[in-house]
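Both complexes below contain subunit A, partnered by subunit B and then by subunit C.
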Partner chain A sequence: MATYLLKRLGMTVIVVLAVMTFLSLLVHLVPGDPVEIVLGPQATPAQVEVVRAEMGLDNPIPIQVWDFVVGALQGDLGLDFLSRTPVTQLIAQAIPHTVVLAITALALAALVGIPLGVYAARRQNSLADRAMALLSIGFITMPSYIAALLLLIVFAVQLDVLPAVGTGSFANPLDYAIHLVLPASALAITWIGYVARLVRTSMLSVLGSNYVRTSRAFGVRDRIIFYKWALKNAIIPTLAVLSSGLADLLGGAVLVEIIFSRPGLGRLTVEAISERNFPVVQGAVLVIALFYVLTNLLADLSYRLVDPRIRVEESAVGA
Partner chain B sequence: MTDDGRIKNDPYLLEVDGLDVTYHSQGRALAALQDVTITARPGEIIGIVGESGCGKSTLSAALLGLLPPNGEVTGGRALYQGRDLFTLGPEERRRLRGTEISMVFQDPLTSLNPTLTIGSQMLDVLRAHSPARADRAEARRRIVEMLERVGIPDPAARLRSYPHEFSGGQRQRIMIAMALLLEPALLIADEVTSALDVTLEAQILQLLCDLRDERGTTILFITHDLGVVAQICDRVVVMYAGRTVEEAEVTELFDRPLHPYTEALLASVPSRRRRGSELPTIPGRVPSLAELPEGCAFANRCAHAEPCCGEQRPRYVEVTGQRVRCHLYDPESGHANLRQPSAATTGRKEQP
Partner chain C sequence: MTIAPAPDRVPPTSAGLRPLLGRLVRRPAGAFGVAVVAALLLVAVFAPHVVPYDGATQDIPNRLQGPSGSHLLGTDGLGRDLLSRILLGVRIELAVALPAVCTSLVLGLLLGLVAGYRGGWVDNAVVVFMDTIQAFPSVVLALVLVAVLGPSLTNLVIVVAITFAPQSARVTRASVLALRQSPFIEAERALGAGTLRIIGVHVLPNVIAPLFILLAMNIPSAITVEAGLSFLGMGVQPPTPSWGVILSEGFADVYEAPWAVLWTALALVLTTIGFTTLGETLRDVSDPRLSGAKGLRYDR
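Right after this comes the complex of A and B.
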């Protein structure tokens, strides 16, 4: 386990450094002079030089990379071109909205997907099971932005029961929660379908196993077998998939945030890109990448902790 | 249940009578068991032998009500202490399992839950039958005692181990301990020793014999191994292609096999006392379930076969205390070379 942990952490550090290097070079990958693009045609050459120096673009490229990495590690991601506020501050304002959205979607996926899967497994091959299979496939294949638009049209426009845009205020939790319903649902829909299928499949594979037959032969109740044995076995892979899904949800949140015009990391990134606001793009993408890498690391480690077989194989290999 | 009087006076613990089991597979109905008849008195060890695929595991699954979803009991009955197992409700049947009838499965490697410690799996079994025994210390004591009996070293310390931390032989013994935990009256042991080496096998066989001697446990001992049958069984049932073809006391079966299939089996075993005498190969092959003949399933490999053998299903007839399903012993079959026709009396079940 210890060797594995070291290797896995080492990999993570390398990936993060690579992402930072790439981001620091981003400015040069865009055609044209980045400073002129940002400042627009009216800028005087003097102004251009000032900004160029401020961004460190007059340094040799390796120095630029070094400065960016060192800055990022110290929590300094530079200033927003336009508003002159520190990028870290912009990100700190945006992150809570995105994280709340993604986590709510994740919770929805688990709270709706797991019972659906359990129900389908209980009634294997019934009409309800088949209908649910169809529905799940529909959910899985539906992109979150389509789901977002559909939900908007039905619940915000036609029925007019839920707000269409914005986040409400953090100070009023109920208001904030109501604003969260549609975007979180849109984001969760794919995962609800996915989790339902996964839970059904893993439960059925447990229920058909020899060891379930064994316990039935000894008179263990079907209820215990179903909920204690089969569900436990189904929950492990589901949790692993969900925790790695958090990264995917953060990505999906970008589109959903734009459609519901919620201030979050997604909207921050997209707006910064359209304004060629490089420091903000760099900072936001770096944070998203960090999320991605860390959630994957977490998923991997938690999976190992939960399943005793993986634990032992590791220690056998490590010994 | 027509003749209740006879059933009440029945000395048998288990009486399987004319059992038919069908598997539904790809739109076809496969007759996995046909007219299977087996009786067991309290305290007997009954060997059930037959080649792979002859339906031994199907029989045990049917008795416990654990057939796979595509399997179905389509005929006959199985009386346990006079009660037909196939007419019990699900809850009644569940209560019998483990406490009255228990089973050790063929495959020890996949028959234990890999994600639960063996202690908690065994606790589940105890709890399934009595909430009173949920007293943890008492339950633990029983579990440890049973594990000790089957020869798991230092059982108290190993309750928290997972199945994969035990060897194959140990897992088989844990399975046996689980099956015996509630002291069932009838134990079905499906090839329990085939995964074990000689010493372990001897230990397990001894354990089963002790169990019978001390508690009067009745054991259906399913095996390929005629040597083991000779060693521990009182009576033997020979199965072929889903049918019971012969039933006899062990000594009689080895000294005087009646059915040509049994004869062929014994003829090719050099010394019956030798261990590991797996069922030998006989020329020809067992018909598959899809191509079972109308008549005797062994007819295509039988030296004594006549036209009547392929056409008519033989009845299970009693011959001097043995039972055999063969036209050679049935005076009404019309077979040209009847053997001991005078000793034969007709069996219970008429041909449908």
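Right after this comes the complex of A and C.
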């Protein structure tokens, strides 16, 4: 375990450095002169030089990478081109909206998905079970922005019962929560299907096992087998999947935040990209990637901690 | 004395195409998947000949209409026929998704083969490369790359291919790692077979089957990414009727007429379910060992 942990952590550090390098070189992938693209055709040569120096583009490339990495490690991601505010400040304003959204979506996925899965397992092969299997495929395959658009059409356009623009005010929790309903549901839908399916399969695999058959023969009550053993076994993989889901939600959040005009990290990124505001793009994408890498790491480690069998498999393969 | 060549212990990867198709169609989910995919391919090929309108002619007086006899699905903000645009869009979606996913599979196959077979620092380098690509949610990475390279159909294909390559690389690498240890490969090596022969004749047939499943599973993911980027204005550019473009234009008028968004969303959902059920059934009938494999995560 210790070797694995060390290797995994070392790998994470290397990947984070690789991500930073990639982001710091992003500007150079632009065909043509990045500064002229940023400033537009009307810029005077003097202005171009000023911005070039400010972006550090006249330094040798290794120095540019070094400066970006060192800056990022010190919490300095540069200044927004247009508003001259520090990028870290923009990110700090955006993060809470995204994090609240993602966590609400996951909570929703667990609260709806687990009971659905339990119900389906309870009535295996019933009509309800089959209908649910179909529904969960539909849910799992539905991209969150499509779910967002459909929810918006039904609840904001047709029924006009839920707000679809902005976040409401933070000071008024009820207002904020109401604004959260549609975007969080849109993000949760995939995971509801996923969790329902996972819970059903894990429960059924326990219920079909030899020890359950033997216990039943010995007179252990169904209720105990079902809720105490089978459900417990299903919860562990579900939590692991949900914790890795937190990372995946960020990708979906980008489009969902645009659709519902929520000033989160995703919207910050997209707006910066369309304005060619490179420092903001670099900073926001770096934060998203860090979040993604770290939650994946945590999910991986916690999964290993809860389920010792994974360790055994690992040493058997010799990875 | 000559040594007889070792009998090939390669398990048959599939018992031919016909029985596989038969087994696919016998399951309801498989039949559904095959039907949807076949319908999409037919539409992609024949759409320009069968659509009621050309999808480009504007008819401003009749803009934002609901479904009617002359426009079965209604019209968009410029009075263009939605049915025609969505059907023509199928071709655009597949024109991005098919080449992108195929390229990603080939790229991943090569990376996975080299990494798994060579091991050592080559393997480590490939793994870091893949981990770095996968350190971003795929939509975010694709968004950044397309924005930097410039939005065009070709760039979209390249970007989606890069974003998706690590998946197939991982699958290939894992099977190569397992195969490399197996006795029949060892025997082959002892008999003096070269690296190329071992990889080409023995390893390749064993690692390629799961990639066909990834192909079916990843096409909807590629369509999802394409439509998402085009929705943000960072993919296929209007007036080309990509589904993302139709969604984005429809979204502007969604409070007046939700039809464009509604129909396109449903088309996308149907497509995604079709390809995914096809992929899942393919996985179940072709190799039951894979049925626990992680599929179905479009966002990766």
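Convention: the second predicted complex is superposed on the first by the 307 of 319 C-alpha atoms of A that agree within 3 Å, B and C clash if a C-alpha of one lies under 4 Å from a C-alpha of the other, contacts with A are read in each partner's own complex, and residues count from 1 in each chain.
The working rule: contacts are C-beta pairs under 8 Å (C-beta built on N, C-alpha and C of every residue); 3 or more make two chains touch, one makes a residue touch a chain.
Only a predicted model underlies this, so the values are computations on that prediction, with no experimental measurement involved.
Is this a clash or a fit when subunit B and subunit C both end up on subunit A?
Once both complexes are aligned on subunit A, subunit B and subunit C fit side by side.
Between subunit B (first) and subunit C (second), which does A:Ala109 come into contact with in this model arrangement: first, second, both, or neither?
After superposing on A, A:Ala109 lies clear of both subunit B and subunit C.
Going by the contact rule set out at the top, does A:Leu39 touch subunit B (first), subunit C (second), both, or neither?
Neither partner.
Touching A:Leu198 in the superposition: subunit B (first), subunit C (second), both, neither?
Neither: A:Leu198 stays clear of subunit B and subunit C.
Please work out whether A:Gly252 is in contact with subunit B alone, subunit C alone, both, or neither, and reply first, second, both or neither.
Once the two structures are laid over each other on A, A:Gly252 reaches subunit C alone.
Applying the document's definition of touching, compare subunit B and subunit C: which contacts more of subunit A?
C
So, A:Asn233: does it touch subunit B (first), subunit C (second), both, or neither?
Only subunit B is touched by A:Asn233; subunit C is not.
Classify the contacts of A:Ile189 with the two partner chains as first (subunit B alone), second (subunit C alone), both, or neither.
It touches nothing on subunit B or subunit C.
Under the superposition described above, what is the C-alpha centre angle at subunit A formed with subunit B and subunit C, rounded in steps of 10 degrees?
In the superposed arrangement it comes to 80 degrees.
Return first, second, both or neither, reflecting whether A:Arg216 touches subunit B, subunit C, both chains, or no partner chain.
first
A:Ile224 contacts which: subunit B (first), subunit C (second), both, neither?
first
Contacts for A:Ile273 in the overlay, against subunit B (first) and subunit C (second): which applies, first, second, both or neither?
In the superposition, A:Ile273 touches subunit C alone.
With both complexes overlaid on chain A, what's the closest CA-to-CA approach of subunit B to subunit C, in Å?
15
Once the complexes are superposed, what residues of subunit A are shared between the subunit B interface and the subunit C interface?
No residue sits in both footprints.
Can you name the residues of subunit A that touch subunit C in the complex?
11, 14-16, 18-19, 22, 26, 29-31, 137-138, 140-143, 145-146, 149-150, 152-153, 157-158, 190, 194, 247-248, 250-252, 254-255, 258-259, 269-270, 273-274, 276, 281, 285, 288-289, 292-293, 317, 319
Considering only the defined contacts, which subunit B positions touch subunit A in the complex?
64, 66, 94-99, 102-103, 105, 107, 110-116, 121, 124-125, 128-129, 162, 164-165, 175, 178-179, 181-182
Tell me, which parts of subunit C touch subunit A in their complex?
It comes out as residues 127-129, 131-132, 135-140, 143-145, 147-150, 177-178, 220, 224, 227-228, 231-234, 247, 251, 254-255, 258, 261-262, 265, 268-269, 272-273, 276-277, 296-300.
Spell out the residues on subunit A that touch subunit B in their complex, using ranges where they run on.
Going by the criterion above, the answer is residues 209-222, 224, 228-229, 232-233, 236, 307-309, 312.
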